[in-house]
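One chain, chain A, links the two complexes that follow: it is found with chain B in the first and with chain C in the second.
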Partner chain A sequence: MSEKQSPIKSIFTHFGVYFVLFLFLLPFLWMLLASFKTQVQILNTEKIFEITANFNNYINVFKEYNFLSFIWNSFVVAAGATLFGLILGLPAAYSIAKFKQQGFGLLILVARIVPGISFLIPWFIIFSKLQLIDTYTSLILSHMLVTMPFIIWVMIPFFEGLPHELEESARVDGCSIPGAFVKVMLPISGPGIVTSSILAFIFSWNNFMFSLILAGDNTKTLPIAIFNFLSYSEINWGGLMAASVIITAPVLVIALFAQRYIIAGLTGGSVKG
Partner chain B sequence: MKKNFVGFKKAAGVLALAVGLSSALAGCSGSDSSTGSKAPEKTTEKKVQEIRLVAANHPWTEAIKAQLPEFEKETGIKVKIDSYFEDQLTQKTSVEFASNSKNIDVVMFRPLQDGKMFHKSGYFADMTGYISKEKDYTKDFIPSSLGSVQQDKKYFGLPLVTETEVLYYRKDLLEKAGIEVPKTLEELEAAAKKLNDPANGVAGFVARGKRAAAVTQFSSFLYGFGGDFMKDGKSTLTSPEALKAFEYYGNLLNKYGPKGTLNMSWPEAMAVFTQGKAAFYTDASSLFTNATDPSKSAVADKVGFAPFPAGPNGSKPYNVTSWALGIGANSEKKDAAWEFIKWVESKEMVTKLQAEGNPGARISVWDSAEGTAKFPKDLAESIAENGKTGTSYDRPVVINVGSARDSIGDIIIAGIEGKDVKAAAEKADGEFQKILDSEK
Partner chain C sequence: MTNWIDRHIKWVFTLPAVLFVGLMMVMPVGYTFWLSFHEWSMSNVTPPLWVALDNYIALFKDELFLKSLWLMFYFTIVAVLIETVLGVGIAILMNQNIVGKGVVKTLFLLPMVATPVAVGLIWVLIYEPNIGIANIFLSKLGIPGQEWLTSQSLVMPSLIFIDVWEWTPMIALIVLAGLVSLPKDPYEAAMIDGATPWQSFTKITLPLLKPTLYSAVLLRMIDALKTFDIIYATTQGGPGTSSQTTNIYGYVLGFQYFKIGQASALLMIFFIIVLSISIFTILLRKRAGVQL
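Entry: the complex of A and B
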């Protein structure tokens, strides 16, 4: 980035930015527009930007398809998986960072590299023996495979970046290692924790495969429920788009508000103290 | 190195503590959350039997939900329904079956897509015993539909929803041009040529052109020309009859089709037709509401239906069971499952469900006025006409249906692109033969 930019170059840069932005936003815009249209209007390619305010799709999503319960299910599972991922992952990340256990860290990463589908049949057998199919417990436990390694891997460089004199002085004042971790290190790790939990939450929120196999009628999550709009001989495009907006909105809102933290968190680890 | 090791011991200690602590917490949450959701079924010792039906997102599933209280009153059997979109249903059920789960009592499946694989893997309980106990039970079912759920004279399911390929056409366009509804493929080509009007954005003909998706709707053309996918374990994709069919289908879409047919499965092709941009369309009868419902179709009042046009070898459209019901091999409530299947397949129930637009497999229901009330008159007639000479499969009946469809789809694509069909067929023939050999 040079500070002096010729006006022509600046125009081109702006044009480029808006062009790319337009390309990225177009599907999103289409989704938003389509959610207010009827099936016939959606399929008409000549009047893409014609808007008639029609909230039937949204009303249907809640009334006919009962989306509130799916939203609640998704929320419980994602929040639970993130919370327990943090409880397990933060001390793990801290020990890996403090004692330089790179091999151990790699081992955890392997859990993410192995395709999730290979866990499914064993899990299904175990959980059905434990009578845990279609309960939040099995879903939260399985989603922790998504959230925990992620949290650990974001937090390792973050903890490495914190000045370790802080911990040492706490130890001098009589703290144990766990005590120093909880009382001194955790409170200053806010940005890292926020980043990793938001992203972990989003990954769990969007997870499809584990929920498909382990959830049942009582615990169906949003990514499965959205397929209710597709049936054998009919695709309810309007409903599908309205539901997509509803699924995307919370994630979008969280991401917008937490954007500052995410950037601080993601770059935080790279600057060594 | 040594220091590192000491470090590891300490770290391991801290970790073990953390793990122990949090697993205790996780344990707590476990009991909390399972009380939050409905407790897992432990009601087996009670008198009320509950069976689980794993079903597809399908109008039939919606319709049957409303009828369940009646069944429960009659038999005391409770039915719990889990429903999924078709591909997810296959994934979900195959994982459950593969892990020998006892949880599936009744399963809704696609006999032609998953049937052979599921059957060969031993996922289904044999229904032949139950069926033979009832006198003349199968007599009222459409023979080609029964063919879809049978192997070696044994039944692994009962047909639930049927479909056949019909010709959708625009009454107004044909009338204006003074064209009769085509009865043969030759007439169809002539009519499509005449009505093709790209300047006004109306194509003569539209149908599926997307690789695997096109195969099923192409099959009726193939049979009409006298070809087939295979015979006695040998691929017949390069037979002269098959080549003619591939050429005909490709030519029709190439010359008189809209732009972009290579990307069209039914939702896209149907959209072209319902936006008034095509005169003829061949696809499954089960999709008809998309064309005749004014909230989905811009030409709802102008759509006509006709039996599938005859080819040189006569009219042999597919007439298949798209969905069937089976009993899980490991189910502990097979008798209750059969009770349920018997009830939903009873003549009264099929009539009731068919009156709501779910095409069943019972001949007597198709002959009754009540059973066809919801269908446009010309569509009901077309379906009945197709049923007389129908073929019981719309894709090669193999285990690896997916890859077989991909190979055959390549020939269809070559046809639509106007490339050398024979060369494409020879290549696909080799691939398809390999699939057949691997399944022997």
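Entry: the complex of A and C
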């Protein structure tokens, strides 16, 4: 299909693809432009594409709105949820793949499908009783319900594709099964682990609903912090857009560097299911 | 000890994860189910009161609940339909020799990996009636400005537009991956037989693409039913209750009005709807001979 194109058709195709891409990126450009503007400039609709290099919004976001602590909170929660998701998820995925434990596989699939809001009320009640509201513990535990099923879901087909002879030979050399798993299987699973970790981290970093209920003043994560911008009487648009840049930038950078893995993780996971 | 672990390895490896899901998901859903037969306002003084099916009966008499169901299905069906058509179109456009295809694909990922709350807030600014680019663009065309997210009639289409922007790339990238792996022979045969491009699209591409498309649509549909972030971040279900989907209504009932029993009943119904639609489509897909 892709060979033998007339030059005119090729020009149209290129124009079409880049135009569509431009439309999809427009909101980000808009966010970036606004993040460098003062409130007065934003309210003036005459010169919307004015480019300014004014970092005051960014400085304010850190100084007045204390974003450094929200970034730290988001990072701790996402890293913790990913790490513990891997610790619980990798052996489970391996076992489900190796022993064809389809019942457990189904349970994990259900965990990915069930709406998060159906356990939000019990979580709130139970974590309140345990006095774990507004702690990293409750946030990490809740986010793990996002990261772990996803990690397992991506890793099952990955482990199924690995050659099991390697494990057998390690076993002959006297390794226990957990030993062989850690020393032999995990090192050759790098790409799968990277894919699932990156996406799990992004999902946790982006999570809004769980943090809305479980986070408090001490553990407020970035999505909650920028959502709070709306509650001020006059919305500080420049600050809000600078905050949006700060929260999306890490995700976008990760996505740019790991795009190969991410496309495989999102599409491979779903095409194979 | 090592021997014992090795013999029971399939339990040693899976039990922690399964226990975790049991504790964090199965048990809480059971608790929600129990609460749905009670009346309670999360107070420490008055314990939950058994009311049998009252919460469920009240829900089906509650116009807001019925409206929220309608809004949820309306949002899901329209959004996923548009995303599928656009996604397939974009994928076909991209499945050609394009300079810088890798970069294009990467940049296409950005809407779906960007933080949804931030995405919502960017669109709040875009839709802002006085200073947003949406109305500035319309005024250049000589069309009067709209209220978008604060208009009862436009709020759902405006939200669907955000969802389409956010998720069309996912369908496009999944379909593109499917297109790349299609066999070349049928197309050559069709060309020899003098088929038009449209004929080879409908007679060859679409049927071969069906499994891929099915997975993409299924995934997207399950997520669309559960959409929370962009709606809550932009309108919180408003203006009034014009964009209050079932998910949002459940949240409002539970965490703003503290009607725990009624919220739980709603969440059980929502849970059953999402789960049964998912299971139904997965089974259909299996019957169609597609590997899960």
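FYI, the second predicted complex is superposed on the first by the 251 of 273 C-alpha atoms of A that agree within 3 Å, B and C clash if a C-alpha of one lies under 4 Å from a C-alpha of the other, contacts with A are read in each partner's own complex, and residues count from 1 in each chain.
We adopt the following convention: a contact is a pair of C-beta atoms (placed from the backbone, for glycine too) under 8 Å apart; a residue touches a chain by one contact, two chains touch by 3 or more.
Keep in mind that what you see is a predicted model, and the values were worked out from it rather than measured.
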> Putting chain B and chain C onto chain A via the overlay, clash or fit?
Replying inline: clash
> Once the shared chain is lined up, is A:Val40 touching chain B (first), chain C (second), both, or neither of them?
Replying inline: first
> Of chain B and chain C, which one touches more of chain A's residues?
Replying inline: C
>> After the superposition on A, what does A:Ile133 contact: first (chain B), second (chain C), both or neither?
In response: first
>> If we overlay the two complexes on their shared chain A, which of chain B and chain C does A:Ala53 touch? Say first, second, both or neither.
In response: neither
> Now for A:Ile8: first (chain B), second (chain C), both, or neither, which partner does it touch?
Replying inline: neither
>> Going by the contact rule set out at the top, does A:Gly80 touch chain B (first), chain C (second), both, or neither?
In response: first
> Of the two partner chains, chain B (first) and chain C (second), which one does A:Ile108 touch, if any: first, second, both, or neither?
Replying inline: second
> Can A:Val172 be said to touch chain B (first), chain C (second), both, or neither?
Replying inline: neither
>> Let me test your reading of the model: by the given contact rule, A:Leu21 touches which partner, first (chain B), second (chain C), both or neither?
In response: second
> When the two structures are overlaid on chain A, which partner does A:Glu234 contact: first (chain B), second (chain C), both, or neither?
Replying inline: first
>> Superposing on chain A puts chain B and chain C in one frame; which of 56-64, 92-100, 128-136 or 236-244 is the clashing stretch?
In response: 92-100
>> Can you give me the overlap between the chain B contact set and the chain C contact set on chain A?
In response: 43, 45, 88, 91-92, 95-96, 98-99, 101, 104, 120-121, 124-125, 141, 177-178, 212-213, 227, 230
>> Quick check on the complex: what are the chain B residues that touch chain A?
In response: 4, 7-8, 10-11, 14-15, 17-19, 21-22, 25-26, 29-30, 33-34, 36-38, 40, 42, 56-59, 80-86, 88, 91-92, 95-96, 98-101, 103, 161, 267, 271, 274-275, 284, 286-287, 289-290, 294-298, 322-323
> Across the complex, what residues on chain C touch chain A?
Replying inline: 2, 5-6, 9-10, 12-14, 16-18, 20-21, 24-25, 27-29, 31-32, 35, 42, 90, 93-99, 102, 104-119, 121-126, 130-131, 133, 136, 165, 168-170, 173-174, 177-178, 184, 187, 211-212, 215-216, 219, 222, 225-226, 228-229, 232-233, 247, 250-251, 254-255, 260, 263-264, 267-268, 270-271, 274-275, 278, 291-292
>> Help me check something: in the complex, which residues belonging to chain A touch chain C?
In response: 1-3, 5, 10, 13-14, 16-18, 20-21, 24-25, 27-28, 30-31, 34, 42-43, 45, 48, 88-89, 91-92, 94-96, 98-99, 101, 104, 107-108, 110-111, 113-126, 141-142, 144-145, 148-149, 152, 176-178, 181, 202, 205-206, 208-209, 212-213, 222-223, 226-227, 229-230, 237, 240-241, 243-244, 247-248, 251-252, 254-256, 259, 262-263, 266-268, 270-273
>> Quick check: in the complex, which residue numbers of chain A touch chain B?
In response: 38-40, 43-45, 76, 80, 84, 87-88, 91-92, 95-96, 98-101, 104, 120-121, 124-125, 128, 131-137, 140-141, 177-178, 212-213, 216-219, 224, 227-228, 230-235
